[in-house]
Amino acid sequence: MNLDYLASVDGVLLDGLRLTVVATLLGAAIALVLGLLIACVQLARVPVLFQAITVLVIVIRNTPLLGQLFFMFYVLPRYGIRLDALTVGVLALGVHFSCYAAQALRGGFLAVPRGQWEACSVLGLSRTTTLWKVVLPQALPPVVPTLTNLLISMFKDSAVLSAITVLELLGTTRNLASTSFQYTTLFTAMGLMYLAIALPASLAVRRLEHRLSRRTARA
Amino acid sequence: MNEVVVRSMLDGALVTTEVVVLALAVASPLALTVALARGSRFRLVRAIALTYVEFLRGTSALVQLFWVYFVLPELGATISSFVAGFVVLGVNASAYAAEIIRGAIQAVPAAQSEAAQVMGLSTATTMRRVILPQAWPIMLPALGNVAIDVLKASALVSLITVSDFTRELTQWATTGVLDVTLAFTLLLAGYLVLSLPITWLGHLLEKRSRRHLGAVA
Amino acid sequence: MTELVNDRGSGISLAGVTKRYGDHVVLDGIDLEVPAGERVSLIGPSGSGKTTVLRCIARLEAIQSGSITVEGTEVARRTEKRTGPPAADVAAAMRGVGMVFQQFNLFPNMSVMDNLTIAPTRVLGLGAEEARARAEGLLELVGLAAKARAYPSQLSGGQQQRVAIARALAMRPSVLLFDEVTSALDPELVGEVLEVIRGLAAASDVTMLIVTHEMQFARDVSDRVIYMEGGSVVEQGPPDAVLADPADERTQRFLRRLLDH
């Protein structure tokens, strides 16, 4: 490890990390909203849309994120959709992870007893009130660990955005290495930066899961 | 699409298949070992296994791939990008698989190992003959997902110059030999096709594994 | 206690109601008139369709033939697809129908107070203060004034069911449906819930349709007892007649079996 060199580029690396975090959070927002929509379509079995989404989910879950990223990066401009690399990257991340988020959310919804919907119906509550005030508040907490794990995966997997020239943490590292040749220093530092965020986060999820499982065991 | 393109695609698909199969071969024994170590009687063994899992799950396969590809040579070890590819993917997957195996082992009721112990079976025999056979159907679906994840992650080896399916198609697309829409549609379709045998095998194993256990559980 | 419920009611009426699950006929052309203010107990063996009667009235199930009228408004009829919100007049009529479930179905994510105020504020458009005052009054009535801030998981089963009754009352219903409201309770908690319903019956003129296995309670509280079996009404009449001196052999057998236990 060349610490002197590292000290001279730490600002650049941190900028890369910042972009990684930004891309992750934006992607997560998309994944959550889209995931919720997908889960609703699947639960309500909205005709046509349901079949279309089923196919989309199968494709997304069984093909590489990198491939999906390339697809959006190279094919969309052909149809007049010109987006910068970061936007494409964030979209690809969001769409990819929305399928996994949808699965988790659907599980959460299905775990809400039918009696809850029925009580709402008998009280005359609207669909919207039922969903936002009664069902979602019960469906979400149990899936928070799963969703957080997805967020962590997204943070780590956002490194593929470097393949379409986004200068997030990995892209920045490769960029620096291509001129300084300080591979060991740069790539080790980069790995540690990913770990510094992902490790504590996943330990926190573990603890949360543990607490939740104890709580449900008692109930 | 000329013959050269088709041939290179098939070659790429073959390389991808090899990477996946070899990675799974690396992952399987590692995963089982780490899973058992996670439940070891010895604190040190448990700590090492946990560190292994957390470190590997703390960064993505891509980051690990680049680290091995760029740093190992500086440390004096030269391995081909192909070997680096399947080894990294395998080691990475073993961390996830180990946690799944461990979870499945824990899901087998404690009474089962107590019963075996009362019968005088050794810990090893209990694990091999009583616990693992019952944990197997529990872990299978999630292990199937890990195998799919390995297939998906295998595309990353294209970024360290391995001529897999992704690299071949990307090259034809970016050099204008293939229309990009066609190329990347073929790319996704190709992985979808490659995932079928994994999904299918998973279902088959699952069905077989539950043949005897279904009624009791 | 006149303000406890709406008294505009004209009761419930079922005409030739048939309910099927696939080929399985669960309600076989049921006719039932419950005039406003009457208390009717539905008894019968498990699987005879008692719960289904209540669920059809509450529009939780679609019916395959016949029609159901609540407060003079036809709220359900055959072939009606029950997806999407009900028409405005149906929704208005259904506001007068409250239901208490076997499993309470309180909202676990809300305090007792919020369980009682959510529907009055959102459906009836009550102000927060008014809804709160109404809820406090009802909690007093069911003996849980001190539990307004508690969450359902912190209450005993009997307390939860009393909250559920208060929640139904918060809508000032003219019709109340009770589906085996004590079946999920430990035996020592049954009394407190039945006591609340008895009090309610004495203090208001709400129409009640009660599914129960508590024969003494049915006798005390109802004006009429209906014995159901196999999705049909077998026998009905004043509680003393049906419960003490049933005419039909099937009713006799059912009551004998209950006594044997």
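Going by the order they are written in, the chains are A, B and C; count residues from 1 in each one.
To be clear about the criterion, a residue touches a chain if its C-beta (ideal position, glycine included) is under 8 Å from a C-beta of that chain, and two chains touch if they have at least 3 such contacts.
Since the structure is predicted, the reported quantities are computational estimates derived from the model, not experimental observations.
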Chain whose mean Cα position lies farthest from chain B: C
Nearest-to-centre chain - CA centroid comparison: A
A-C compared against A-B, more contacting pairs: A-B
Centre-of-Cα separation between chain C and chain B, whole angstrom: 55
Rounded Å distance between chain A and chain C, as computed from the means of their C-alpha atoms: 46
For chain A paired with chain B, centre-to-centre distance based on mean C-alpha positions, whole Å: 21
In the complex with chain A, residue positions of chain B that touch it: 54-55, 57-60, 62-64, 66-67, 70-71, 73-75, 148, 151-156, 158-159, 166, 170, 173-174, 180-181, 183-185, 187-188, 191-192, 195, 199
In the complex with chain A, residue positions of chain C that touch it: 58-60, 85, 91, 94-95, 97-99, 101, 103, 105-110, 118-119, 122-123, 153, 167-168, 171
Complex contacts: residues of chain A adjacent to chain B: 58-59, 61-68, 70-71, 74-75, 78, 156-157, 159-160, 163, 170, 173-174, 177, 183-184, 187-188, 190-191, 194-195, 198-199, 202-203
Touch list for chain A against partner chain C, complex: 113, 115-116, 118-119, 121-127, 129, 133-134, 137-138, 219
